[in-house]
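Look for subunit A in each of the two complexes below; its partner is subunit B in the first and subunit C in the second.
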Partner chain A sequence: MADLGNIALWIALLIGLWGSAVAFVGGLKRRPELARSAERAVYVQWGLLFLASVGLLRALLTHDFTIEYVAAYTSRNLPLYYTWSAFYAGQKGSLLLWAIIVASFGSVALLVNRGKYRDLMPYVAGVVSVVVTFFVAAMVFSSNPFERLGFTPADGNGLNPQLQNPGMTIHPPMLYLGYTSITIPYAFAMGALISGRLDTGWIHAIRRWTLLSWLFLACGIVLGMWWAYVELGWGGYWAWDPVENASLLPWLTMTAFLHSVMIQEKRGMLKKWNLGLIIGSFLLSIFGTFITRSGVISSVHSFAQSSIGYFFLIFLVAAAGVSFALLAYRWPRLEAEAKLESMVSREAMFLFNNLIFIVIAFSVLWGTLFPILSEWIKGTKVTVGPPFFNQVNVPLGLLLLGLTGIGPLIAWRQATTANLKRQFLWPTTLMVLTAAFLLALRMSDGWAIGAFALGVFVTGTVVQEFVRGTGARHRLHGESYPLALVRLVGRNRRRYGGYVVHLGMVMLFAGFAGLAFKSDTEATLKPGQAVEVKSPYGHTYRLVHQGVSQYEQLNRFVSAASLDVYRDGTYLGVMKSEKRQHLNSLGRPTFEPSTEVAIRSDIREDLYLVYAGSVQGTEEAVYRVTINPLVWWVWYGGMVLVVGGIITMWPGGGGPTAASRRRAEPAGYVAQVTT
Partner chain B sequence: MFLAVLAPWRHAAAQDTTAPAARLPQPGVVQERSPTSRDNDLLVKAIEGKIHCTCGCNLDVFTCRTTDFTCATSPAMHRLVLARLDSGMTAAQVIAAFERQYGQSVLMAPPKRGFNWAAYVMPFVGLGFGLVLLGFIMRRWIRARPVEPLEPPAPAGAEGSNEELERLKRELEKFEA
Partner chain C sequence: MKAQTKFLIGGALVLATVGYLMASGIKETGVYYVTPSELATKIGRDNSFYNVGVKMGARVVKGSIQRDVASQTITFRVTDGTRSYPVVYRGLAPDTFTDEADVVVEGRLQRDGTFRATTLLAKCGSRYEAAPQQRAA
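Here is the complex of A and B:
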């Protein structure tokens, strides 16, 4: 199977080169047979990559240790579900996953749009082919997952224990799905630029793809936060690590696009900007992959350094050069069809919102790259860690949170004073009351007060929209309130799904604000001894060390320390944190011991317990006890955000607006779609 | 259920706190050190939160020493913090001493001086530049807008006839669809 996989990669490379060439020639020379050949090339590439993936999976599941990748990331005693996830645990496998996902998305996009957007599709096929071929070339020439060892080891190295977590079976694929699916909107944007079909037709084609990509990235980021929280044991979920930042960057630009595209659909404005955002999002997704794989920036997530970083750098520069050159070439034809009518309008608010998103993305990118810049310019190595990112991004984030509430309430074209008063009276009153209440409670952190008060403001605006919309349906149609609410959302999923996303963001910000009140305590306890920890809410936790038990479990030796937990004298239960020494099938230790934290979570706070180890090998245990307020809100906020995204992209009830359809009609797209 | 299963074990594990702790079989997870009350000192934590552990973990010294208990670097840096505080140094002096010893990269954020100011200022310069540019573009767009006659506003409190309400209902349905 390994040889078959290898051959499949080589054929995929050749087919990809053919497909890339004929796609652009077919489009430019208007030769449909070449365009069709290019589309078929994408399907064939998908088939070959599927074959290669099956080959790698089979090698992993059958422990074919003659293959270097299998020996490096699995062992005979690795549980089956983690053996499966070893597919993308290393650089080589993850490149194959990237390639097969892009090919899959590309094939689906071509299938779904067959018979539509005929001027664009050859270029869409061409761009997909180029991206897939790049990844296949990176594998064939630099990181081949089917590379053989000169000998057959008795057992493999096994999977890094920190990757042996359910979150890791989902988080990386979600991020890959997010990164890779940006290729489709990018391909359509390139198609529009090359073909000169610059109306809103391409926007309709990519709407769901953009949402899908945004949704996958959001899921991947939140799952990554959850994994870091439960698995790494440092008590937090976001460390502003370069690789975390790399995943956030395209999400920020995509979010900006999802807002600004509404202006293009409704008013025919911001065409250049929207194309720029799609190009930027794609380039940032490649940039993220470059950072992970090049080793240019120190990161806990980095794969082993290799020459593959250069592949990505060259691809990044080439893609940026071609994309922006095309944008510059079409610049004169991308004039807005309407003009702004007032600074106090929905359009203007979306422009401010876009500016804040881009400035946040810039500050994250700037902070991520500053160590390199400092070394180049001044020869001084610096570290840019959480204190920097928090200092810069917290005020920007709060500004964005405020706009989240303001934007949707302001009318399109021009808002009147009466409109502003009617929309903002109650939310603003609630915000001021919240801030006053928190100050009266002697809350000392100004940023946290700002976050909570603005959160209440945004929640007020969203609730007001739902209440007014439901009330209007109830009055107009005589529907019951629950039915009116369901129909309100169902008939305009895009708008109300967006509001649900905003609620999710409020919950996330509330969770982030809770970090201001985090506390850590270290304690060494003999069995029977206790430590007391104060919560920011005023109650006291008492933790009584029960002892340490040791046992073998699956592929590891476990040392588990347990504590009885009391809150203000009330018994809550037992918490158990573990140290795990993973072993290979020969019983030999592999990797450093890893930590399994114990978490007791509720809506107010998390009690987060880490068993650090035992003093001199006795049952006297060292613990770190962390009180993490409002973490619950981060996970549920993430879920609400995803639910909102799903509502927004659910088929029906949220298609292109009438204005947007009218804008696409002169270009003939609508006629082609319906024939 | 979980507690019931654990109960006998819990009682067995509860011991006299004055008795020496029993030895654990190997391979145990051995800590050579025992934290002291000073490890929880807020000043120590604050200082260590600003110092980057040099073991390659990308964490600050406090987080590293209370997370990766196999790391030998962060406990050593922790001891250095305590020793420097004991010698009479202030928090700022302790941090400055670390910077002299390891260079700027030992700080979790670039110190605000010289070229490093660029790191802090640029995002806000970007914001200011963006706001000015946006303001300029928006004013130009607004000035270029052809003047459209505005319809006279409806009188305050106007309710509309049943016919008008019906028409509005039909329009809303069309809009929502």
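Here is the complex of A and C:
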């Protein structure tokens, strides 16, 4: 079965080389039959990768330990759903997952556009083919998931206990869906540049794909944060680790694109910039996977060192070279159709918003690469950590938050004083009152006050928009308020979905602001002893150690320490934190013991308990107690963000797309005729 | 003044501020990243290096981990194959901290040759190709 998988990979490689070649030849020489062959090659590649994936899954599920990958990541007593997720637990399987997802998205993009964009599609097929073939080549020549051991082990190593967690089964696929789907907008951008069809057509094609990619990446990032918080036990959810930053970078550039594309649709400006953002996002996604796999930047997440790093570096450099060369070649054809008329306008706010996103991305990239750069230039490796990233990004983030409130409401081209007063009077007043209120309460962190005040400002603008829009519909159409609200959102999905996304961001920022008030306490307690911890809201938690119980469960041996929890004298319940020792099917321990954290979460703060161990032979336990204010807002803010994104993507809903299509087509036609 | 010029000026201001924040951030929070051998070389060259905070990446020497649960102190040795240092760390260790784990400790080298660590990070073992037999990488 594995040999079938191996053969499938080799054939996929050959088909991919053929497909890539005929795609570009077919497009440049205007040979539609070659272009069709290229599209078919993508479908065939998908089929072969599907076979290979089935082969790998079968090997995993039947415990075929003659295959090195299966032996390395599964064991006989591993619960079934984790045996599935072992598919992408390691380097080799994750390459196969990446390849098949790109092939899947590519196939969908080709199928959906069977009757459209005929000038662009050969090149889209070509780019998809090249990317898929690259990943297949990486497997075939460097990290083959079907590689065999010379012998048959009695049992596999099993899956690392830290990965045996529901969040960890969804987080990698979500991230991969985000990373890989950037290939499609990139492919369209390349198509537009190569074919010279630079009218707004390609923008419509890629906006939805970019939104989809952005949404998947957002889910993947938030899931990763949640997993780190719940599973890793250090009490936080973001450490500015290189691999974390790698996922954030393309998300930042895509967020910038999703805003600046509106400027291009409405006023025909920023064409070069938008193409640059799409190219940049794709390069950053490859860069992200390069960092994760090559070990070139020391990170707690890196894959083991292997030659595969070189593969990715070469691919990255080649892709960058080709893309920017094409952009330079088409530079004269990408002139803006309008100019910036006033600083007090939506265009200017969007330009600033883009500038800040790029600057944040640059600083994150700089901080991530700094060890390599400093070693190159100065000979010694210097690293920067959370203090650097926070020092730079907190002020920038707050600036962005402010723009989030101003941008959507300020007028296009030039805002008048009357317009400014009408739009911003109430939100600004609420913001100032909030800031004054928090200062009066003597909140200790200035940045937190800024975050909350600006959050109120943005929320005020969004609520104002919903209220006014609903009120207008009620007056004009006689609809009841609830119906008016539904219709309002339904008819303007992009706008109101965007507002919901902004509300999600406000919630996230509120959650981040809570980090300023975090507290850590350590306590060693005999059964019956208690520790008292104060929360920033003035509550006192009293935690009484009950003792340590030990038992076997599924594939592990558990030591559970429990605490009775009281808040201001009221009994809240029991919290249990565990140390788990995973066992293989022979009952022998594998991997080091892992810790399960106990979390009690409510809207204002999280009580976070870690059982660190017992004093030898006794039930005297060591605990670390953390109070994490406002973490709830991070998870629910993430959900609101995703819901908003889905609303924005939902097909139908009229909106600016239709209007700009009408505006763009004549202009595009004229441009074609005069060239 | 044209709006575009105003925007460029505003943009330049933002860039200048960020550049300053980045430069000062690196200056204030940048930490040398060294292997045990590099640390030894630095100390040999410059005695005042004893007071400088560094990040040391190395591998835990097998069998060297000693944990005192009551005081939450862990002592162990790290090595890069050539040079090794004893490390003292007060606090909770991550679950991936085990014999022969790749770790990054942040702290200062004391005059007595012990590395006093304030942070202990251990590499996530998930991607480790735990091959059932020895293989050349």
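To be clear about the criterion, the second predicted complex is superposed on the first by the 657 of 675 C-alpha atoms of A that agree within 3 Å, B and C clash if a C-alpha of one lies under 4 Å from a C-alpha of the other, contacts with A are read in each partner's own complex, and residues count from 1 in each chain.
The rule is short, and it goes like this: a contact is a pair of C-beta atoms (placed from the backbone, for glycine too) under 8 Å apart; a residue touches a chain by one contact, two chains touch by 3 or more.
Keep in mind it's a predicted model, so treat the numbers as computed, not measured.
Trainee: Would subunit B and subunit C fit next to each other on subunit A once aligned, or clash?
Mentor: Pair status: clash.
Trainee: Is A:Pro589 touching anything from subunit B or subunit C once the two structures are fitted on A? First, second, both or neither.
Mentor: first
Trainee: May I ask you to decide whether A:Val467 touches subunit B, subunit C, both, or neither, giving the answer as first, second, both or neither?
Mentor: neither
Trainee: Taking the superposition as given, does A:Leu439 touch the first partner, subunit B, the second, subunit C, both, or neither?
Mentor: neither
Trainee: After superposition on the shared chain, which partner residues are touched by A:Gly547: those of subunit B (first), subunit C (second), both, or neither?
Mentor: A:Gly547 sits against subunit B, while subunit C stays out of touch.
Trainee: Which of the two partners, first being subunit B and second being subunit C, lies in contact with A:Ile372: first, second, both, or neither?
Mentor: neither
Trainee: After lining up the shared chain so the two structures overlap, which partner does A:Val112 touch, if you call subunit B first and subunit C second: first, second, both or neither?
Mentor: neither
Trainee: Quick check for you: in the superposed arrangement, does A:His477 touch first (subunit B), second (subunit C), both or neither?
Mentor: After superposing on A, A:His477 lies in contact with subunit B but is clear of subunit C.
Trainee: Looking at A:Phe388, would you say it contacts subunit B, subunit C, both, or neither? Reply first, second, both or neither.
Mentor: It touches subunit B and subunit C both.
Trainee: May I ask you to decide whether A:Lys526 touches subunit B, subunit C, both, or neither, giving the answer as first, second, both or neither?
Mentor: first
Trainee: Given 2-10, 20-28 or 56-64, which one is the stretch of subunit B whose C-alpha atoms run into subunit C?
Mentor: 56-64
Trainee: Residue by residue on subunit A, keep only those touching subunit B in one complex and subunit C in the other, then list them.
Mentor: Touching subunit B in the first complex and subunit C in the second, residues 232-234, 298, 300, 339-343, 348, 351-352, 355-356, 359, 363, 366-367, 370-371, 374, 380-385, 387-388, 391-392, 396, 522, 524, 592-593, 595, 610, 612-616, 620, 622, 624 of subunit A appear in both lists.
Trainee: Within their complex, state which residues of subunit A touch subunit B.
Mentor: 232-236, 239, 241, 298-300, 336, 339-343, 348, 351-352, 355-356, 358-359, 362-363, 366-367, 370-371, 374, 377-378, 380-388, 391-392, 396, 472, 476-477, 491-492, 520-524, 526-529, 546-550, 557, 559, 562, 564, 573-574, 579, 581, 589, 592-593, 595, 610-620, 622, 624, 658
Trainee: Would you pull the subunit C residues touching subunit A in the complex into a rising list?
Mentor: 3-4, 6-7, 10-11, 14-15, 18, 21-22, 24-26, 28-34, 38, 55, 57, 67, 69-70, 72, 92, 94-98, 104, 121-133, 137
Trainee: In the complex formed with subunit C, which residues of subunit A make contact?
Mentor: Its residues touching subunit C are 68, 71-72, 89-91, 149-151, 153, 157, 160-163, 232-234, 298, 300-306, 339-343, 345, 348, 351-352, 355-356, 359, 363, 366-367, 370-371, 374, 380-385, 387-388, 391-392, 395-396, 522, 524, 591-595, 610, 612-616, 620, 622, 624.
Trainee: Tell me, which parts of subunit B touch subunit A in their complex?
Mentor: 2-3, 6, 9-10, 13-17, 20-35, 39-40, 45, 49-50, 52, 56-60, 62-64, 66-70, 103-110, 114-116, 118-120, 122-124, 126-127, 130-131, 134, 138, 141-142, 144-146, 165, 168-169, 172, 175-177
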